[in-house]
Amino acid sequence: MARFEKKIHAEGHLIDSDLLSDVMDRVIREGSRFKIIDLQVGKTNEDPSTLEMLVESDTGEQLTALLQELSDFGFVPVEMEDARFEAAPAAGVVSEDFYSTTNHATEVFLGGEWHRVVQQRMDACIVRDDDTFRCVKLRDVEAGDLVLVGLSGVRVIPEYTPRDRSNFQFRGNEETSERQVRLSVERVAGMIRDVREAGGRVVWVPGPVVIHTGAAPDMTALIEAGFVDAVLSGNALAVHDVENAFFNTSLGVSTKDGQVAHLGHRHHMRAINVIRRAGNLPNAVAQGVLTEGICHALVKHNVPFCLAGSIRDDGPLPDTEMDLIKAQAGYAELLDGASLVIILSTMLHGIGVGNMLPGSVPLVCVDIHPAVVTKLCDRGSAQAHGIVTDVGLFLHLLRSALCDDSKS
Amino acid sequence: MARFEKKIHAEGHLIDSDLLSDVMDRVIREGSRFKIIDLQVGKTNEDPSTLEMLVESDTGEQLTALLQELSDFGFVPVEMEDARFEAAPAAGVVSEDFYSTTNHATEVFLGGEWHRVVQQRMDACIVRDDDTFRCVKLRDVEAGDLVLVGLSGVRVIPEYTPRDRSNFQFRGNEETSERQVRLSVERVAGMIRDVREAGGRVVWVPGPVVIHTGAAPDMTALIEAGFVDAVLSGNALAVHDVENAFFNTSLGVSTKDGQVAHLGHRHHMRAINVIRRAGNLPNAVAQGVLTEGICHALVKHNVPFCLAGSIRDDGPLPDTEMDLIKAQAGYAELLDGASLVIILSTMLHGIGVGNMLPGSVPLVCVDIHPAVVTKLCDRGSAQAHGIVTDVGLFLHLLRSALCDDSKS
Amino acid sequence: MARFEKKIHAEGHLIDSDLLSDVMDRVIREGSRFKIIDLQVGKTNEDPSTLEMLVESDTGEQLTALLQELSDFGFVPVEMEDARFEAAPAAGVVSEDFYSTTNHATEVFLGGEWHRVVQQRMDACIVRDDDTFRCVKLRDVEAGDLVLVGLSGVRVIPEYTPRDRSNFQFRGNEETSERQVRLSVERVAGMIRDVREAGGRVVWVPGPVVIHTGAAPDMTALIEAGFVDAVLSGNALAVHDVENAFFNTSLGVSTKDGQVAHLGHRHHMRAINVIRRAGNLPNAVAQGVLTEGICHALVKHNVPFCLAGSIRDDGPLPDTEMDLIKAQAGYAELLDGASLVIILSTMLHGIGVGNMLPGSVPLVCVDIHPAVVTKLCDRGSAQAHGIVTDVGLFLHLLRSALCDDSKS
Amino acid sequence: MARFEKKIHAEGHLIDSDLLSDVMDRVIREGSRFKIIDLQVGKTNEDPSTLEMLVESDTGEQLTALLQELSDFGFVPVEMEDARFEAAPAAGVVSEDFYSTTNHATEVFLGGEWHRVVQQRMDACIVRDDDTFRCVKLRDVEAGDLVLVGLSGVRVIPEYTPRDRSNFQFRGNEETSERQVRLSVERVAGMIRDVREAGGRVVWVPGPVVIHTGAAPDMTALIEAGFVDAVLSGNALAVHDVENAFFNTSLGVSTKDGQVAHLGHRHHMRAINVIRRAGNLPNAVAQGVLTEGICHALVKHNVPFCLAGSIRDDGPLPDTEMDLIKAQAGYAELLDGASLVIILSTMLHGIGVGNMLPGSVPLVCVDIHPAVVTKLCDRGSAQAHGIVTDVGLFLHLLRSALCDDSKS
């Protein structure tokens, strides 16, 4: 039997990030074999390790396929070939063999050195402008753009989560309801305070359940206290927030006493009509029509927000962006440079955000449905923290932890 | 075609309890027909209605079967036959045709009058002692006991929930997480206070999740404040409460900081061993070995409790009753005369309690899993109130509502 | 105390649809009182009932509010006032007091007679053109349109579900996983066959889980066999269907052996690129690029479909409508005249469809998450049937029931 | 600052089982430090690795605590001390410092060599009889038994899951409903066939949902075909199976047409009464009273079963063991030597089984609730395989895969 082999190397936290173990798995699963040539394990926790290993397959195709997979772990041939680029044949169309990105930091090898890709995001093309390499969404590629093809000359830099007591236990089994939520609240409050102190931005992605569960005043307080740097959501959050501001109901149910209000099921359409008459949310605030709630606070405190439309939207509010190309651009702009993203009970917008966000940005996801938390946190990133609990109570406690003088 | 018919009558809140509607459904579903002979609707909300109707079937068997069903709604023949009784052939064995009870108030017709059955519970036999008719579990029937057979001469008195604002909205869609839990907390607090003021008993059925979610101090405070008249649970609640009292962990996870404790997975067995050495929970309290937590408070405040064993029990604690015949008797004794039952995150013990409880006793069921709430509340009773939320946060808020001076 | 009263009347299945009971509840809850003046109960199952009752409140405002609520049940004053209309002040803006519709059949009183509203849908305005009254979405109202305001002269015609064995047991506790799904499959197959035989249209609303769970061949077979008259979905269904057609994977997981495919996470972007190059799905089929799967079958068999964009969409496919105003129009067009709608594991599109659909159109909703089924079926309509099960297995069995000769 | 250090070593699949990574985590989390002295990585997939490392702490207590933790990973001091034993002071009571076992293979160091512990199970004591060391439940320890105390001289042998394609992909994200269940069915069928061919025993743990979902005939067929070596369950499975055999209903719902049967809610008590009259299940089969269903097949084919009682049991059947000490013994006996355990929709019995089972025995857990699957599979073992799906459909397909000639 013929034998095809290649010497590859890697450097970094190979053992503590389970990289070496994952790579070994991959080699065997693909029907190939490995031999460790040299492994220098970091003697202490801070030291990186270095590895040289030989991978061996039965066919050249197998070996090529395997090497492509290993580059996703940062394991690349010792003798690296340059990355290859092909001009896009038409706008929004690229070569069949194009390289589709992950949400992890990525480097391109060209002219004997590695170049870091900018504007990292998932499922994008890598476009070359001289010595700059940037992620571009498929639909935004222009005819003639030089697009990375194949898998040679590209590697992913795996995230490394430092072993640190305070963060360590957040992950893993956290995605269960059998935990003490008040401790998670304190940890999230700590993360938010840390980001604020470091001058970072906290982006919030709340769903309408925030209003239904009576947490509108809590979210409003967090905005007023300056803990909210941007809000990404949809039409329903704003509609029910405005409904609540006008009628003290959410989907017709009183947020004061939990009763179904008189003719309450008509409130949300009436609320929409009022905002439409004013022109939009900022006008409604300026005209004194809208005087409380989340939307009011966002406008008053100049916190930018983007409401993405959806097929189920009533109305919608004039502020809701029903052109989703524009809505995605709006989301991306507000996510740019985010230091922390907090998703509250909305799978739809949460997935949208996850698609745009580099894996290195910490993400907190709170939902009462474990399946939603699992799905949103399953992004190949150590930075996703899931909390299964009642969102209304969570926000209520978080506001106490962050805003109440007596507790701070 | 032959025609078999019977004139039946009923009295009560026939329309507002949907009884008449349900009975009409049943008649048609069974392939029979009805004719309303006379319906006197209560003119106002307080007035009962009276009805006489003719039901008609194609065969005598159909008619008999139909009449049997309608007696469960309190609709009985105008000319009533006496109930029939047969002696049990052996201990725990009765005639094939025995009447198996529901959890609703039931009456037996004998000697020209209706007699109310006592000790009402679900799935029991009705045993006659002269003029007394009582529910007896199948296994407790003695040879020779006179057991009601067939369906003649027996009727169920349907519950009537008065139309009253405060309770009305509790049911129905409440079994969703898209509601404001703080309002439910206030309502449950109000129910508890009402029961206390009326001299009634509140029986609690907490699962071990109460400890895992960090609510042991809250439950303890409720016991100390006198809001707990009995506790029905299993081995796990007590084991993790004691583990928490000794080690500040629950299943090895710190209830102080949420971290997995050093060798924490061994804590619960060590806790069990300590209690076994002391003899049992009361002895451990008396000896000063156990000084805090739910079990400590129960013993100190003489609140009776019953811990039913299960196949998954570790240890168990000496206080856990592993003979389930005895455990069911213990539960039944503590439930006797209960005015309110609160089930917290335990399907197993919750179903056990539901089986023993008359339908007229209000039941509050709190769980983060909607399916559990649905199952526990699906008992043919308007008295079951479901709340889908995080149990730890719920208890924390309930304790604030009931125990904090500033709020009372 | 002053007393304000009004004589109202109603006709129809007042008791068996629980209408009278609901109306009584409402009167008491609103702090008012009722007196039954005359109730003629239908003597048999087929006969409608007629009612005259007096409602009485302490204030004129209370009485007006109450009458407004009761008109939603079809209970209206004996002496009816004409409906009132006001011209819309601007496009998409109406009087504050406008009447917002339900999804139930509605009638408008004008010139001494009742007129049935056409194009019934939820949350719309009612616009008058001479003797025609039609539902118009708020955003589609034009300046000057005559829009119904207030609640006088309008009534809802409550649905009446005939008591019929075959349908009766479908509802209620069906929203549990503790049922035999094969029986539900047979019932849904029967409903589909009945609709086909009657010349009706079956509209399907499948989510991408249909592909993930391996049911693409089943859905394809149903299309080919003519059981699918329209498909409403989003980008993800089509993307993963095409990914599956090209690569035998769905989100990178093999639909042949369940393994994560080599570089599989890049497949969906490659699939999108191929379709973009072809132009769109119909072109890809015409060019022989796309040769199997759901999208292929839809194109080949001229089954219309509409893919609504969402904030989480990758790509999207050129066929996905990212302008949601157009997407909602596309959905509405395909839903027009639907006889049966089947929603498969997609809350987003399911809610969108529910918003547009009259309450009289039967809706089947299949999902493994009980909360989704509950939400989609909670539409004030006896026509919503929920099934909690694995969607992949459900479709597999449904295809066997409908398409296999041996079983038909 | 003082420095306390110890040289430890380990051997095995240190990298591919993530052991080294886990141990490094643990050292840092406990506030200690490590230095790798020598690491010989297996050059190829088959070769084990060997490691010598120095761990260093600030206090002697820290170091001792750390060493105790590391012995759970098989990392032990180079210079090993003998294990220590203390006589139990009373029956069911041991020294406070006793060693509580995990479900993984364990070894005890005494007289210069390592001894494998027998009858491995979780949460047990280790009792010495000369050169034999066995797991004994706390309550079964007799006064004077020599019980292992402290953590010196004991190590856990971590499981090693060979990297093998067929098993590899089963775990991990399998605990989601967004997968193709038919592939999982085939894999479980393959596991069962492999066990049968190797002469092993398959133990089944079905819950009553098996009957409710209409899978009684499927489970029966699997018993008849010889794929079931033991059944562990509770009263409810047997009650509803017998109810189904007698009345074609389960909890009163017809398993033929899904309708609520006439007086169906009384069927299960009637079924219990019939079996009680016959004496028990085997007698009912012998007398020709019980002629079909799961229980009938178990008796006919001499398949041993154990029904553990619970607090929620009606009846119970005479065959249900209400003394849980005896029920746990019965379970343990039937689990002894099991090669594969299949848990079907029962958290209660599933946890009971998990507590008794060595981690090396493969476990398949099928449930429609993801939280149950997560909980049952979270046992520190690579051998737990979770499948989120409808249990009735799963069993139906599994029976086809295993029993139908046409498919084998």
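Every chain is named by a letter (A, B, C and D) in the order it is written, and numbering of its residues begins at 1.
Here, a residue touches a chain if its C-beta (ideal position, glycine included) is under 8 Å from a C-beta of that chain, and two chains touch if they have at least 3 such contacts.
All of these numbers come straight from a predicted model, not from anything done at the bench.
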Next item on the list: Determine, using the mean of C-alpha atoms as each chain's centre, which chain is farthest from chain D.
Entry: C
Notebook entry, point to check: Count the touching C-beta pairs: is A-D or B-D ahead?
Noted result: B-D
Notebook entry, point to check: Which whole number of Å gives the spacing of the CA centres of chain A and chain B?
Noted result: 45
Note to self: For chain A versus chain D, what separation do you get between their C-alpha means, in angstrom?
What the structure shows: 37
Next item on the list: Averaged over CA atoms, how far is the centre of chain B from the centre of chain D? Could you give it in whole Å?
Entry: 33
Note to self: By the touch rule stated above, which residues of chain D touch at least two different other chains?
What the structure shows: 165, 177, 369, 371
Checklist line | Partner chain B, residues of chain C touching it in the complex | finding: 15-18, 20-21, 24-25, 27-29, 33-36, 39, 41-45, 163, 165, 168, 173, 175-177, 370-371, 374-375, 378
Notebook entry, point to check: Where on chain D is chain C touching in the complex?
Noted result: 165, 169, 177-184, 187, 209, 212-214, 253, 255, 257-260, 368-369, 388-390, 392-394, 396-397
Checklist line | In the complex with chain C, residue positions of chain A that touch it | finding: 30, 65, 68-69, 89-90, 92-94, 96, 98-100, 102, 123, 138-139, 151, 234, 262-263, 265-266, 268-270, 272-274, 276-277, 308-316, 322-325, 327-328, 331, 348-349, 351-352, 355, 369, 371
